[in-house]
Amino acid sequence: MAQDIFSQVNLQRVYRRRRLTNKIMLGLTGLMLVLALIPLIWIIVYVLIKGGRHINLDFFIHLPQPMGTTGGGILHAIEGSLVMVVLASVFSIPPALLAAFYLTTHESTPLASAIRFSTDLLAGVPSITVGLFGYAVIVLAQKHYSALAGGVVLAIIMLPVVIRSAEEMLKLVPPDLRAGSLALGAPEWKTAIKVVLPAAAEGIITGIMLGVARATGETAPLLFTALGNDNYEIGKMIKQGIEHNQSIFDVLGRIFEQPADALPLTLWKYAQQPYPERVEQSWAVALVLMLFVLSLNILARVWIARRRSALQ
Amino acid sequence: MAINEMKKTIGISTTKERFPYQKKLATWLQHGDRIWSLLLWLSGLLVVILVAWIGWRLWIESAPSRAEFGWEFISPWAKASWNPALDKFQAWPSIYGSIVTSVIAIFLAVPFSVGIAIFLAELSPPNLRAPLNYMVEMLAAIPSVVYGLWGIYVFLPLVVVPIGQSIEATLGQIPGLAIVAGGHIPVSGLSRLAAALILTIMITPTIAAVSRDVLLAIPNSQREASAALGATQWETIWKVLIPNGLSGILGAVILGFGRAIGETMAVTMVIGNTTGGGYSILKPGYTMASIIANEFAEAVDALHTSALIEIGIVLFFLTLILNAIARWLVWRVKKQVMGN
Amino acid sequence: MQTQTLTRKIETENLSVFYGSFKAISDVSVEIYENNVTALIGPSGCGKSTFLRSLNRLNDLVPKTAVAGKVLLDDTDIYAPSQDVVDIRRRVGIVFQRPNPFPMSIFDNVAYGPRLYGIKKKSVLAEIVEESLRGAALWDEVKDKLDKSGLALSGGQQQRLCIARTIAIEPEVILMDEPASALDPIATLRIEELIRKLRERFTIVIVTHNMQQAARVSDYTAFFNMGDDRAGYLVEFDETDRIFTNPQQKLTEEYITGRFG
């Protein structure tokens, strides 16, 4: 009889052992989390302290000084990052939103599956490979490095991030809203742009923020597309344009066609230079970059969480 | 007319007011919906094409290298040599570097990630859950270069060098293991070990977040059934939830492996970047991603460029396959759970 | 229904259960007798399931649950701090509304409980599995495919597998939360037959929204209703025959004759 067998087990001893295992293992998972968060806090605190010392107004409004001299700023990198991230946003956001609309209106067509699959694959393609692609397609064709090439590769990096979050956010829009507009006879595209998009706007903006954060932090794809440029200064280019009476397109062309620098690119170069001043400055660049990227991330995630709980 | 006024305000074109050919055109376009569908379709297609285009383009650009070196290029048994001056290129040392650093990172990251996933999905008090999730996601969001900078000046001297020295003193003394764990770690700490440890930190949040989602997707009835039989919380986690989500967690691990293989900047900054270095993890080396990052901009020779692009294509296909497998595994467990 | 001497197995004293600030059941005092089937009936939302789940502390799994009053199992309060929840759940098993076998083999499903208590020998486990499956009237249907997944069985079979899984740890009480509501009529009939048989070995408490089922399978019936504050409370508890033929409360009569609920 099973009953006999069961009563042979020393239940109290078994319980004690199991309770102990339970406590130890559950405690271990908590310990794992704490250990994993140590680097996070370590990095943030260290960068804040070390980089904070070199942050001042000059740092933001001046170009770099020649190697080996102190002072100078990272205006070139801030402007370069700005230009390339704006370009990346212009290139990636419209197709990303349209693709997300496709996914929400055509849930299960073969193309929808293919898009979802490709989006996941694209998100997994190493950014350095995307850089090689940008080099082959744009730099080789134009025969020079440029902010434009940097913007294109960053757009490819942003694309899957924006598609994914936009799809999720569009799905959260109550279907009645869309049906209501269509029932009034409004065409699909007007419904999408005037009804669905505004309803999902906050969520989509957070998705774009995540994409921008990702693109701003990327270095590898810029190494051989934007290359770097210590003298990248938009103000000067505009001034020259005005002096020579050039059209706005010429000026824009020069802004986009020159090699450009970016915050992470500058950080990378400074970190490995033999001049201690440059290394010190690289911590300040890290501070600026990290604060920007992390605050975008946190802001976006808090918004997404709020929106999700509001809709459920 | 009142009706036309209404139509205007809700955005319907009042076709009656137009000329016949315009009306025809508007109808044919279904008031713009045909163009709209076409735009949606094209944008979707763009994503699909982009992946193929990247692969195809790199394949074309790597032609000279492929023609020159053939399969020898990636063979572990071919004579390893990377010499731009002699136009000799063989990728095995960097492939080895990628594999060894990523494998070590995975082995170290998995217990942490699964532990974190369990804590976040099953144990965390509700009011701690959101902040902890944010912190794990922040760990994933810190830019790679920042990891690299912190790695060079803080993590390597303070953590990696001591660990390297103790590995050298223990594992390095075992005859069979000396080849992978022998030799002195450089004082700078620049080594494959440094890359592996930085990668561990960087991929842990990725694996943890996906595993957490897998655990959260398992229905509560499974937890109740186990608890009702007198299982402790750990027994429920270990004997029911983990086996239930195993293929999804495996998917998360493979995803993390793909991340590790493709990670560039932090690795380039701490691995030392040399084609020598034998097989020891205590020595500097290259990974596929880091050799491209380090040499591509300075490569003037066409064959050198092409060889680096060929490494890029190996990297591309490897991560493509890993991601496809990972996606399939995670998708399977979610589907199975939904159907349950 | 005439029974021999009645032994009290479970007794609740003024039991109230709260989910956060919401009171789910209020001041329930009931006695449940050994080797009898006690049915809990009442309109949906009246707290039957909450009451049932408080009998083996399964509500502990729901965050922010609080309990007031007592649940005495063999005269010991199961909510006393010294009580081990794991031991209580071994002694008081539960079968859920929807069959929820683990995604593992039939054998492993049934052996899951015994293994937790340190029984590892294959021959012993095999004996327990066979006996439990026989006890749940499932053995003949599955004896040749014990290594097949539990999920491959039909709904009714899955539910009997869950019953086998529960009796494998030799509980003293089996709680059943609408065990047949997700099943077809034939599978329901088999479960009801099984309940009558299990009564010889176990004390059974069953929640059902089907009054005919309560009348068919139970010896005692407790009728719950939802109060004005939306908290469930006990209206009447008596032998099943009396509840269905001669209820003392007007509300009970109205409910069993289908005039409300």
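Going by the order they are written in, the chains are A, B and C; count residues from 1 in each one.
The rule is simple: a residue touches a chain if its C-beta (ideal position, glycine included) is under 8 Å from a C-beta of that chain, and two chains touch if they have at least 3 such contacts.
These numbers come from a predicted model, not from an experiment.
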Geometric centre: closest chain by C-alpha means: B
Contact-richer chain pair [B-C vs A-C]: B-C
Inter-centroid spacing, subunit B versus subunit A (mean Cα positions, whole Å): 15
Cα-centroid distance, subunit B relative to subunit C, in whole angstrom: 48
Approximate Å spacing (C-alpha centroids) for the pair subunit A, subunit C: 53
Set of subunit A residues in contact with two or more other chains: 18-19
Shared-contact residues (touching 2 or more other chains) in subunit C: 86-87, 116-117, 169
Interface hub residues of subunit B, defined as touching at least two other chains: 232, 235
In the complex, subunit C residues that touch subunit B: 56, 58, 61, 63, 86-87, 89-90, 93-94, 96, 98, 100-104, 112-113, 116-117, 151, 162, 165-166, 169
Residues of subunit C that touch subunit A when the two form their complex: 84, 86-87, 114, 116-119, 124, 127-128, 131-132, 168-170
List of subunit A residues in touch with subunit C within their complex: 1-3, 5-6, 9, 11, 14-15, 17-19
Residue ranges of subunit B in contact with subunit A within the complex: 7, 10-12, 30-33, 35-37, 39-48, 50-51, 53-54, 57-58, 60-61, 111-112, 115-116, 118-120, 123, 130, 132, 134-139, 141-150, 152-155, 201, 204-205, 208, 232-235, 237-238, 255, 258-259, 261-265, 269, 289, 292-293, 296-297, 308-309, 312, 315-316, 319-320, 322-324, 326-327
Footprint of subunit B on subunit A - complex, ascending: 18-19, 21-22, 25-26, 28-33, 35-37, 39-40, 42-43, 46-47, 94-96, 98-99, 101-103, 105-106, 111-112, 114-115, 117-130, 132-133, 135-137, 156, 159-160, 163, 184-190, 192, 194, 213, 216-220, 223-224, 227, 264, 267-268, 271-272, 279, 282-283, 286, 289-290, 293-294, 297-298, 301-302, 305
